[in-house]
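So, here's a batch of structures to check.
What follows is subunit A paired twice: with subunit B in the first complex and subunit C in the second.
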Partner chain A sequence: MAKTFLIDTSRCTACRGCQIACKEWNELPANDTRQWGSHQNPPDLNAYNYKLVRFNERRDGDTVRWNFFPDQCRHCIDPPCKHEADAYVEGAVIQDPETGAVLFTEKTRQLSEEACEAVREACPYNIPRRHPVTGALVKCTMCHERITRGMLPACVKACPTGAMNFGEREEMLALAEKRLAAVKAEFPNAMLADPDSVSVIYLLTDDPFNYHQNAVAGVTRDLDRQQFLARLTAPLRRSARAAMQG
Partner chain B sequence: MTNHWIDLKNADAFLIMGSNAAEHHPISFKWVLNAKERGAVVIHVDPKFSRTSARSNFHVPLRSGTDIAFLGGMIKYILDNEKYFKDYVVAYTNASFLVNKDFGFQDGLFTGFDPQTRSYDKKTWSFQLDDNGVPKRDESLQDPNCVFQLLKKHYARYTPDKVSTITGVSEENLLKVWEAYSATGTGTKAGTVMYALGWTQHSVGVQNIRSACMIQLLLGNIGIPGGGVNALRGEPNVQGSTDHALLYHILPGYMATPTAAWQTLADYQKANTPVSKDPKSANWWQNKPKYMVSLLKAWFGDKATADNDFCYGLLPKLEAGVDYSYMYLFDRMYHDQVRGGFIFGLNPMNTLANTHKARAAMDHLDWVVTSELHHTETTDNWRRPGVDPKTVKTEYFLLPSAHRIEKEGTISNSGRWTLWHHKAIEPAGEAKNFGFMLIGLANKLRAKYLQEGGALPEAVTWQDWPQHYDAEEWCKRINGFFLADTKVGDKTYKKGQLVPSFAALKDDGTTSSLNWLYTGSFTEEEGNKTKRRDPKQTPMQEKIGLFPNWSWCWPVNRRIIYNRASVDPTGKPWNPDKPLIAWENGKWVGDVPDGPWPPLANEGGKYPFIMHTHGFSQLFGPGRVDGPFPEHYEPVETPVTSHPFSSQLSNPMYKFVSGDLDKLAKPGDPAYPIVLTTYSLTEHWCGGGETRNVPCLLEAEPQLYVEMSEELAREKGIKNGDGVIVESIRGKVEAIAMVTVRIRPFAVQGKTVHLVGMPFCFGWTTPKCGDSTNRLTPSVADPNTTIYELKACLVDVKKTDQLTEIAR
Partner chain C sequence: MEVNRRQFIKVTGAGVACLSLTQLGVDLTPVQAYTSSLKIEGAKEVFSICPFCSVSCHIISHVKDGKLVSTEGDPDYPINEGALCAKGASMLSMTRNEHRLTKPLYRAPGSTQWEEKSWQWTLDQIADRVKKVRDKDLILKNDKGQAVNRLESMFFIGTSHADNEECAIAHQLARSLGIVHLDHQART
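== the complex of A and B ==
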């Protein structure tokens, strides 16, 4: 059965338990970081950070908004990175039919630097990173070796507040709708990010761009706002209809 | 915590103040967010907008050190608008007590102040007693000398405009918080206060917390689910360490340390055992002699007998009036009055105030023994930057310590649950646990005294130490044993069996216990209760998330203390939707009640605040040294030269030490116009000695920063990410500027006051991460606890291109 994450940012306190747990489980070395005027560190995803909590702050009139975005691979249902990589090396990127996990294999080492760049370009969320030593493409593995043994992904296990959730797709979609309805009381513009096309669904309480430029796929700030919202809410309306009919 | 973590979910309103709970107690927010989803309002009052603020309904910025003005204003608001829960206030608090007619307050000082000694004669801070010695009460609350009227008079000065001008909080924001929070004073709503070091680390720290207690009492929020005054304690096992008396002023179980004035056990018991003439007052501390004698029996075993005062004479005695806390200890060290000592489990060279002085003070020691996981600023003080090790006479020993996960034992959490934790792996290398080290040391010392004698050798040789450390055996000793065959109810316990509850402890030497509060945690019937992990609960307990069979909690597994205040005098819960205890068919159901007696209105009933001599909680609290009512005083280092409530600028009793390294900036000092507040962060633990050695934590928070407003940065020509020097009158610290909208300037008395914030977890043993922020903070402290004022002092900041402590 396909697995799905629900990342409820309305419950995220940016404790970074997920970011640290991911590094620990994957035994990734630490980057030599510097304080650069932000709590977001390392500044971006890299070969040693498959998961990164992004911090985005602004003042909205007299109110401060500080948004937290635990960024990671969305494990797209129809993954563009796989389509792109297949054109270069068959089997470099695979999708586990059982869980839906999109996995970068050892064969990604056979991808040239340019091919890796093309795969990264293909990703609507700018996730893949090339390992500086091995040349492999790396990213979140959905903790495949854990979830196939009945355990939760390390990031979900570590989350203290219930921001990170993981389970069967139907179950997570239902939870997402329930959570969305609950947070709308306080945040009328709350939304789910690309719920129909990804296995990692974010519940956002603010404009996606106020979290991260790649919080949602394939739109830019220039896109007409109405179009943008229509596109975002269409899947919701669809699933709401489906839920009512079901 | 009066309550516990899960119970946070029962609150209808949260006042998170003096705490950054989401960052420092991450698990708390699981429950806070559950309540919020149910419709609870979450309010964060704090100088900076933090990760806690981000998840709150609203954040209100407050100038650091003005909490009492803010809370005093709230007390006035509650009284003026009759938001208090009157039935509770009359029945359970001392609002109705008549105070000594000679008691008074004028221009910032209570009656009895002696400016020469900077102390109060508290004679007039007393209650009028009737012929039987019971406090006189006026339940109409109209008598001009009753606590309620005095309270009204005291806080009449705390008007919104005055509070606003000194705190820097707009009147609109003040009223928003006061109104939202005081809406819980109905009997059927619950409000909780969550605080931590943001309240304690001030020269008025204890009175900050007193203010919160008073608000909670007025609103009827103590003793109920979702209520309480909740000190958030954490991983450092602060709860366990205070319970077991890691501090000098108490013995295990919150009993006073003997002083030179109490030479015999009789002296001690007389001075420390309160007497109540009111038959309705349980006056629980009347049992103290039983706990003290049981403690002496646990310490001295068979050597302790009634004839020798149970070895009370062998205990060290404090000199009256001498303060033995850190601030004075390091001052004495600096003045060559201390020769050596042990520093276990802390990193004072990073965490004490004014670490320039603390670091220099340690150089005066002949020897020091440390025990740590890693090298820290304390273990390696002898080779700190700018010091030639050859010039340091101190001999340092570093004993490698086992990590928490390398040993078994208990930790007491903030909700007073004592939980067993298992050993996950064997300690690395030669590392040992503290129990091994301390018992080994005690036995070596004893052997040496037995062989060589010395002054008063019995103080050591008569102590009852085991040969080897065994955590579970130690838990049994803490619980306590019967030392003679004893009948409790229908059951007979044999000599050597475990005592089932502190009600069975005796003052005749037939029981032992290392801590009466923990008696009942390890019993013949149920074994080691700290290992219990059974989620079984009754439907009534399920409603409020009470798990009585999960671990064990002191006292007697009572999950919410003062719970008799959650019911009316007939035993009916004030809030029928969330009952905590209830008197049903002649018995209590729900939580373990605060004592077995029937409800207050019944024959044999008792007042709910059983730890107070008179049985009532204290709106008028004469126990503190600096006043029965909290009063606003500025921090010792303050950006203002006056405040609107009195001409007494700072706490008249704040503690300090003086010397060449103990400089203080004067009030409103133009050279240091910016307020500095200091704090922890999620990613590092306390002084950072452990977590800076965990690579992925250091990756996430690598270097010392100073958070400042965009306005201040503009004024100073500082850009985000620039290197800066933060300077107080005591020293300079390098940091990276974090320019943020989350800190904003305060409008105080018509002027702009800037505030900056810095974490204190970085130190020089981690290369190029920065060094102790506490080189900036002052050696001044609260007069009740001698906790340093680390949350508010004065600095200036300037940009620098030449960083030596921090790598770019």
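== the complex of A and C ==
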């Protein structure tokens, strides 16, 4: 019954229908933005944008390539943000056992600014944002009220190209493998981003860094994957230690 | 209500699934508290067309107590199949936005001020000016003396909010006035 997204970036045209559909469904206000030389607007995720299509324009030999990355919460299967938040306020972050959705509740308002920062740090994908007015931590909700009534998430419903897909985990994993095999004919380096640990699986046509520095689990160029994975499991190990000591 | 076998299996299947979660000691209460209502529950569905480009995607507008509460693509329409681009997806904001014009505004030549005008006044002005310009500028014959009935000083622009039949009428109107500069908003 766990739900999963497949975001097939080979099909994304960066129309940003998903980004706006998300904003409209959640009735989030506009951001005051400036032209900053990119179509990526607003420049980053914020309390009023749970979904953002990232644009990365780059040179590949003599060709200019443009990678589009519809960024959002990955709804990790074992969410580090929840482990971190549990240490401060029980119930601030919950996970729906039925759908696998990781949900930030009203209780996130009780998190101090430092605690919010710790939860944000714990996220391997740099997703959570603190609401400037309410102090709540916010992000993609998997359109929980829609999916529990058999509707598609707003972003998936709006996608005109088939880049955004949503369904039962098994189904999406099968679709991911099928699409990966097809896409590899044109892009031999195509890959799935962290398919075993997240509910929002990206199909990337090449190096994740050509999309976004957090396209795959929090590895930045300075921090190697090993170190990162250690950080990812740190809260778990912390609680295991505590349990043993207790 | 008669329950057939398939429905029965579905119902008991759901029951079993719920039971197993509870038996595992999973407390669903916080999740239920998180998601209590759907904003379009019980809303009336009104069909509309996206006004932005010539694809004219169909949109379902959810109306509750006479107020628009949500819009999304119409999955039954074969052209957009429920999908919308960023412009079509922004229909709710477009109707609610404080910058939206709800009355005709008129700025007199040389003026820096916009004045609110009635539709009647506006339509009369358009009719008067169209007639004045046409009477003045209509070209009946070209250099070779051939009848052309051409009006080159006027531009006519259509809208993707118009359906095929409305476009045909608008086109006939423009052609009958002699307008040759005729285009569509979605191409601009």
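Everything that follows uses one rule, which is that the second predicted complex is superposed on the first by the 220 of 246 C-alpha atoms of A that agree within 3 Å, B and C clash if a C-alpha of one lies under 4 Å from a C-alpha of the other, contacts with A are read in each partner's own complex, and residues count from 1 in each chain.
Methods note: a residue touches a chain if its C-beta (ideal position, glycine included) is under 8 Å from a C-beta of that chain, and two chains touch if they have at least 3 such contacts.
The model shown is predicted, which means the values in this text are computed figures rather than measured ones.
Asks: Applying the document's definition of touch, where does A:V64 land relative to subunit B and subunit C: first, second, both, or neither?
Replies: After superposition on chain A, A:V64 lies in contact with subunit B alone.
Asks: Touch check for A:G17: first (subunit B), second (subunit C), both, or neither?
Replies: both
Asks: So, A:P97: does it touch subunit B (first), subunit C (second), both, or neither?
Replies: The answer is second: A:P97 touches subunit C but not subunit B.
Asks: Could you say whether A:W25 touches subunit B, subunit C, both of them, or neither, answering first, second, both or neither?
Replies: A:W25 contacts subunit C only, not subunit B.
Asks: Hey, is it subunit B or subunit C that touches more of subunit A?
Replies: Looking at subunit B versus subunit C, the one contacting more residues of subunit A is B.
Asks: Under the stated touch criterion, which partner chain does A:R149 make contact with: subunit B (first), subunit C (second), both, or neither?
Replies: second
Asks: In the overlaid three-chain picture, which partner chain does A:K157 touch, first (subunit B) or second (subunit C), both, or neither?
Replies: So A:K157 only meets subunit C here.
Asks: Is A:L204 touching the first partner subunit B, the second partner subunit C, both, or neither of them?
Replies: neither
Asks: Touching A:R34, do we find subunit B (first), subunit C (second), both, or neither?
Replies: first
Asks: Which residues form the common part of the subunit A surface touched by subunit B and by subunit C?
Replies: Touching subunit B and subunit C on subunit A: residues 15-17, 19-20, 23-24, 30, 160-161.
Asks: Which residues of subunit B touch subunit A in the complex?
Replies: 22-23, 26-27, 29-30, 33, 37, 49, 51-55, 57-59, 682-683, 695-705, 720-722, 736-742, 806-808
Asks: Subunit C touches which residues of subunit A in the complex?
Replies: Touch list, subunit A to subunit C: 1, 15-17, 19-21, 23-25, 27, 30, 91, 94, 96-98, 103, 105, 144-146, 148-149, 154, 157-161.
Asks: Help me check something: in the complex, which residues belonging to subunit C touch subunit A?
Replies: It comes out as residues 17, 21, 24, 26, 28, 30-31, 33-39, 70-73, 75, 80, 82-93.
Asks: Which of the residues in subunit A come into contact with subunit B in the complex?
Replies: Those in contact with subunit B are residues 11, 13-17, 19-20, 23-24, 28-39, 41-42, 57-59, 63-68, 160-162, 182, 186.
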